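Listed after this line are the structures, all set down as structure tokens.
Presented sequentially are two complexes of chain A, the first with chain B as partner and the second with chain C.
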Partner chain A sequence: MQNQNEITFETRDMITIITINGDLTVVSEAPLKKAYNNANDCGVSKILLDFDPEAYINSGGIALIIQLLGEARKRNQMVGITGLSEHFKKVFSMVGVTKYARVYASVDEAIAAMSPAS
Partner chain B sequence: MKAVKKSSEIMRMLDERTLEINLPNKIGYERIAMECSSSFAKLVGFSRDRIDDLKTAVSEACLNAMEHGNRWRSDARVIITMNFENDTFSVSVEDEGEGILDMPDEPDIDRKLDLLQTPRGMGIYIIKQLVDEVELNQRTKQGHVLRMILRMTAK
Partner chain C sequence: MGRPARENPGAKVNLQTEIENLRKALRRAEHIEAELDRRVYYMKTLYDVSMDIFSNVETEQILKAFLMMTMGNFGVMEGLIVLMDPITMTISNRTVMGFEETDIPSMGDWVLGAWTNGKKPHHIEVPVTEGSSAIALALPLSIRPDCCGVLGLGEKLTGDAYTSDDMELLETLSNNLVVAVKNARSFEEIRCLNDVLKDKNRELEDMLNKLRAALRKVEILESVKSSLSKFVPATVCKMIEESPQDAFSSRDQDVSILFLDVEGYTKICEKLDHADLNAVIEKYFSVFMDAIYENNGDVNETAGDGLMVIFHNDDKVLNARDAVSAALSIKQRAASIRGTLDAGIPLVINMGINSGSVLVGAAKFESYTGSRWTYTARGLATNIAARIGALATNGRILISKATAERVRSAFPIEFKGKFKLKNVSDEMDVFEIKAF
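Up next, the complex of A and B:
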């Protein structure tokens, strides 16, 4: 019943973009952890989480992001977020996620803001 | 004592203003209630923003009912009743549990990142932020009801 995520990552301008295709719920835990761990194996310091604007996101999924932020903080990694609908930008802000992960309007804007020269 | 409803009907209109949905206690099925609430709210003229608020609130309420009220029991059901009257949309989510005995703390991102608070437990808080009124721990013969109210004008 639950949509399975396809979570991929790539690196652009020294920023690792973790693209979360599909919904973000508790079912996303394994693929999200795998993508994050794979990214860490490449020694990243900047991570951009790129969401699907049509995604269904619930509090179980947001909890996974909070856990990822905790791990990123331990590793002194910068985290950005893009791709969220206006509604979920509001919800992420509501629970404090945006205190530790800046929200950008697009991948390009995020890369420009997060790149080493900025 | 009224028997627990085990109807096979998933959805029915109780009258032209009231829709009832009877869901199995399985993760993922909350999306049926979300889409129904969205369609109903759109039909009666709610804005896109308010509909998004409603969908998320319904999702969180259903998931709470399934997990905490019904404890993921496969034989339990979640009954959602939606009504629109006098510019007010109300959604009641009924489970077979005892109610919210231990209200979760308000989410604190710093405490969560410091592992002093569970990363979960945000559902009730999110609901309260998104709807105009929330009534918790209403008891019925079947169990517990969480009721949410949205009015036509945005919060």
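Up next, the complex of A and C:
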């Protein structure tokens, strides 16, 4: 049975971190959209998607990420990804997500790389 | 000091070759691993898609879940599924992701074109607005004769072309989609039929309740009828049953009227108490009723010691004969029960019969306490019958000339003379029926 999603967001160093707990599938669309829209309301320009390394992400979940990347692209927002297991790093790379969002090893590494000073 | 080691050129070449071979093997292993990862991912997608769409019966939800998982599987930003009726060109379902609605101004022709172009995935020109993303691949969906569709996918994010493996997976996925949509459509039809059935059941239940209420009314009316029939002439009951409206209208009819009277009734009343008197009257009148009904008569009124009986069938001669037959039968039966009465008082029954045209039907009497209806035969012929009945004594059956002319051939009759009847201008010929 799929875990319930708990998607939260916080801002650090002008980067909005959207933390996604639980599996990411088709049914995650509403909470993910809500979190992204809430982040947009704050005028965000850089977004870091922080995944739970234990979470399962299926092709429906990846479609949601791709749609989010499409939206971010229209808004000229930079998107980074972190928290992925090795398996999903490969999958994200395989489907081309990594062409639109760089994958980082940790939140700190992502913030360091994405912050305005860098 | 030892001698410096000499380079062995052959061994170096071998080592470099080995390293190169190992690198190639590593690249091949990485490629195989990537291919395995891809295949596992595809298998997982196939499993997830099947699990998701076959556990759903809502077409819109199935299409959306399928499109999302397919797009996620191939790493695609734009995709759509359109279902339509190929005959009417009516689009029934349209699920779009990554496109703006305005990017796709007209779908019907495109869907039909893509669908009729073959069952294999193929590239096709699509009517997207200039400058927006294009559909890279279209896959026709044949769901039912009244439902076809197309799955359209945009370019892969990786920029790679769709491979034969991709096409194979797409066909397998779309086959599952077709089955799931078929199931959903069938379920929707069953649900619609079920709703119709529920409506019909509700209508039937309403109708049943109305029928029950109507039946209850009928039962009440039957009960009322059963009670009223004890007081209302049988002919009236029959007429009301056959035509309630006509029963209350009057009409001229040639009838025979018999008046029956118990001779010396007042004196008998003085001799008997109420219970005995009632027993005597009931005993006599019960057998009279049998005689009357057997001869098609209709007891119109009872008044203590008397009866007014109408014979009003279609044949006026038969009416007169029935009246005389009834009178003779009454006389015979009265004689037969005379000795069986405990009270020991023999009753003498006098009868008079007249025939002629009267107004037969309902009469309404209005009063302050309400209205009362009575069914009778009104007219001179009735009055004359009553007067002739009053003329009869000693158990005689007297009849008028009009009746005599109708029964002369059937019964022995005797002219008794001309009589002045009360309130009748002319003298009347009166005859007596002689017993056989």
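One rule holds in what follows: the second predicted complex is superposed on the first by the 117 of 118 C-alpha atoms of A that agree within 3 Å, B and C clash if a C-alpha of one lies under 4 Å from a C-alpha of the other, contacts with A are read in each partner's own complex, and residues count from 1 in each chain.
Just so it is clear, a residue touches a chain if its C-beta (ideal position, glycine included) is under 8 Å from a C-beta of that chain, and two chains touch if they have at least 3 such contacts.
Computed from a prediction, not measured in an experiment: that's the story for all the values here.
When both complexes are superposed on chain A, chain B and chain C clash. In the superposed model, A:94 makes contact with both chain B and chain C.
In the superposition on chain A, A:85 makes contact with chain B only, not with chain C. Legend: residue contacts after superposition of the two complexes on their common chain; A:30 is shown touching neither chain B nor chain C.
Looking at the shared chain after the overlay, A:105 reaches neither chain B nor chain C. In the superposition on chain A, A:70 makes contact with both chain B and chain C. Applying the stated contact rule after C-alpha superposition, one finds that A:61 touches chain C and leaves chain B untouched.
Contact with neither chain B nor chain C is seen for A:14 once the two complexes are overlaid on the shared chain. Of the residues of chain A, those at positions 25-26, 58-60, 62-64, 66-67, 69-70, 87, 91, 94-97, 99-100 touch chain B in one of the two structures and chain C in the other.
Residues 25-26, 29, 58-67, 69-70, 87, 90-91, 94-97, 99-100 of chain A are the ones touching chain C in the complex.
Interface of chain A with chain B (complex): residues 1-2, 25-27, 56, 58-60, 62-64, 66-67, 69-70, 73, 85-87, 91, 94-97, 99-100. Residues 26-31, 34, 49, 52-53, 56, 59-60, 63, 107-110, 112-113, 115, 118-120, 122-123, 125-126, 129-130 of chain B are the ones touching chain A in the complex.
Of all residues in chain C, only 34, 37-38, 41, 44-45, 48-49, 52, 64-65, 67-77, 97-98, 156-159 touch chain A in the complex they form.
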